[in-house]
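Here is the structure we will look at.
Order of writing sets the labels: A, B, C, D, E and F. Residues in every chain begin at 1.
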Amino acid sequence: MPIFGLIEYEQASPAARAVFDDIMLTRKVDRINNFWKALANHPPTLARIWENVKQVMGPTRLDALTKEMIYVAVSATNNCEYCLHSHIASARKLGMDDEMLSEVLAVAGLANETNRLANGYRVPVDEAFR
Amino acid sequence: MPIFGLIEYEQASPAARAVFDDIMLTRKVDRINNFWKALANHPPTLARIWENVKQVMGPTRLDALTKEMIYVAVSATNNCEYCLHSHIASARKLGMDDEMLSEVLAVAGLANETNRLANGYRVPVDEAFR
Amino acid sequence: MPIFGLIEYEQASPAARAVFDDIMLTRKVDRINNFWKALANHPPTLARIWENVKQVMGPTRLDALTKEMIYVAVSATNNCEYCLHSHIASARKLGMDDEMLSEVLAVAGLANETNRLANGYRVPVDEAFR
Amino acid sequence: MPIFGLIEYEQASPAARAVFDDIMLTRKVDRINNFWKALANHPPTLARIWENVKQVMGPTRLDALTKEMIYVAVSATNNCEYCLHSHIASARKLGMDDEMLSEVLAVAGLANETNRLANGYRVPVDEAFR
Amino acid sequence: MPIFGLIEYEQASPAARAVFDDIMLTRKVDRINNFWKALANHPPTLARIWENVKQVMGPTRLDALTKEMIYVAVSATNNCEYCLHSHIASARKLGMDDEMLSEVLAVAGLANETNRLANGYRVPVDEAFR
Amino acid sequence: MPIFGLIEYEQASPAARAVFDDIMLTRKVDRINNFWKALANHPPTLARIWENVKQVMGPTRLDALTKEMIYVAVSATNNCEYCLHSHIASARKLGMDDEMLSEVLAVAGLANETNRLANGYRVPVDEAFR
């Protein structure tokens, strides 16, 4: 049950529709995901987050697949169901297979364990790491 | 301030020392990080976690650098200072430069933001993602 | 699927019923939310949490609406679906409109991002802030 | 660096001093921990939290040591340095030795790992568990 | 909606089947929980996590029930629905009744509150705790 | 110990310097906080986060003080020491006194407790809230 309704293209404000258009153009797709339809309830947030996603997830030094896998690992850590599904879908399009997804989840899981052990034992940072 | 003292090689029990030896052999290094010295207070945990790290972080489908960067992103999410320093150090040895580290942190940061927006709006998962 | 059944007024123990009565009297409502019905499985927790909520959320220096919006921001951060729905409902009764809710979620989202960047870069606290 | 100064017994307001007295009487100690000195900046919170701690951590069905170990596990999960130190100290007084502490941290660590795997794989709850 | 399908015994690879056999033998049960069926999509993770669970949750210094209750407290903290259901089921088999479960959740809840107060006030660790 | 050095105005790249100038102009201050000096190691992130902060924290429907207090509550939840100090400083400038800060932390603390109780009991959302 969403907190806000999903705004379809037809009902969207001109500002939201401009973002929808840019999303479809940039991603070369002809449909809009629910995340953006939900944010369209607040066009400034819709535009801001889309600009962020375009910049951070767009072509830079790290390849797009690595970024999507990092996204999946953080989303598993935070238990964001929507984000898991959407970023796993994106990563699969970029070439992630089942084996790779399982490895991403294994690293994320292990990091969550050792994070708690390092914090629980209050391990001092090694001089060599500073 | 650690909760337990750090166990140096000389004081370590035979079980802990065997793990220390395997760490140095596997990683081709001649010193042991504080994390392992802290875990040496409980040899079964030391041996268990080292086996996990060897399996998960060792050579598999995903390359070692990608795994270390995922580790950094999760550690930033959980605010594990020790893990950040140690896994950033490992990733740097594998070729991560400042630009790449900044991008890892940028993706982790953005994922933490959109995770909360997706959860806050309770966005329903798109049929296309299932 | 709840872990415990919901305890309705009729089945509630005298101790739980006394809390239910106080909730309805204090809030001038004639129904009890599921959260309290679930806690009624353990009357000491029911009474304790209600006393806490009455004190913290009751009239003090910060106005009630500000408090409810803080509650929403924390609940989005922790992904508590129940808490999001119930505190958004409370905040709406106190005057929060859609624009304001979107802004609360935007601040919460951004804070989650910059929290990870500040932690990830291990930014030292400025002398001026101490 | 604390956000607020620590309020010593001599400077404390009558309301805060009454709580300090009750803490020392209840716990049969003659000093007050920093946590309570910090909360003394806001006497209603000091009194409220002390009442909660007395009720939840006091003698009930679960023994005091089990409760303290649960507290340690949650504090390691949330990375609360103060809470780790104070509840480890309390648990040690109640009989927790180094072996037991290491086991608490091992369970907490493993739970954090499997929590992420269960969430990451979106494992459906077994009928048998409902 | 799972991310991966659940692997039944009949479809499982020999490596996964060996783990399934060991789970049923060790636990003296004749069915496999969904968590393991999901991990069977990646046999190395299935085998690794099962070895961890066997070691950490098996008979050691802390009794099995205490460990399961710690697991429940961490899972409530992280909001892992699956883990809550499965570890509450395990704890019940070992003797946890409704009263005890409510107390576990009360300690976990209170710890989450005081963790934030200790961190929010940046309370310095008492000399006596070091 | 920062992961990156802090970039002072004099060493900053033209792109970073332009953001520094805009920060000082917008905020009518003549110094730059460490957070921005750390981000200046990666000018695209520096510019992006500043644009986000300007939009989200700037004058909109919610007043600036409410936003800063929400920021503090989320930062206490995530244990971001830097963010706590910097946003408490900002909120104080906008009129938050000690009483109000204590109330913000009290609401954040309580929300973290009830979030875990609602999740731990798996309380179903009331029809009335949907």
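Just so we're on the same page, a contact is a pair of C-beta atoms (placed from the backbone, for glycine too) under 8 Å apart; a residue touches a chain by one contact, two chains touch by 3 or more.
What you are looking at is a predicted structure, and each value in this text was computed from that prediction instead of being measured.
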Co-neighbours of chain D and chain B - touch as defined: A, C, E, F
Selected interface, A-D versus C-F, where C-beta contact pairs are more numerous: C-F
Type of chain C:chain E copy interface by residue overlap (half), same or different: different
Geometric centre distance via CA averages, chain E-chain B, whole Å: 21
Euclidean distance of C-alpha centroids - chain A vs chain E, Å: 27
For chain B, residues contacting two or more additional chains: 1, 3-4, 41, 44-45, 48, 52, 56, 60, 77-81, 84-85, 88, 99, 103, 105-106, 108-110, 112-115, 117, 119-122, 125, 130
For the chain A and chain C complex, residues of the former touching the latter: 1, 3-4, 41-42, 44-45, 48, 78-80
Touching residues on chain F, where the partner in the complex is chain A: 1, 44, 48, 51-52, 55-56, 60, 125, 130
Chain A - residues contacting chain E, complex: 79, 84-85, 88, 98-99, 101-103, 105-106
Complex interface listing, chain D residues touching chain E: 1-4, 6, 31, 33-35, 38-39, 41, 45, 49, 52-53, 56-57, 60-62, 66-67, 69-71, 73-75, 77-78, 80-83, 85-89, 99-100, 103-104, 106-108, 110-115, 117-126, 128-130
Residue ranges of chain E touching chain F (in the complex, touch as defined): 72, 76-77, 79, 81, 84, 105-106, 108-110, 112-117, 119-122
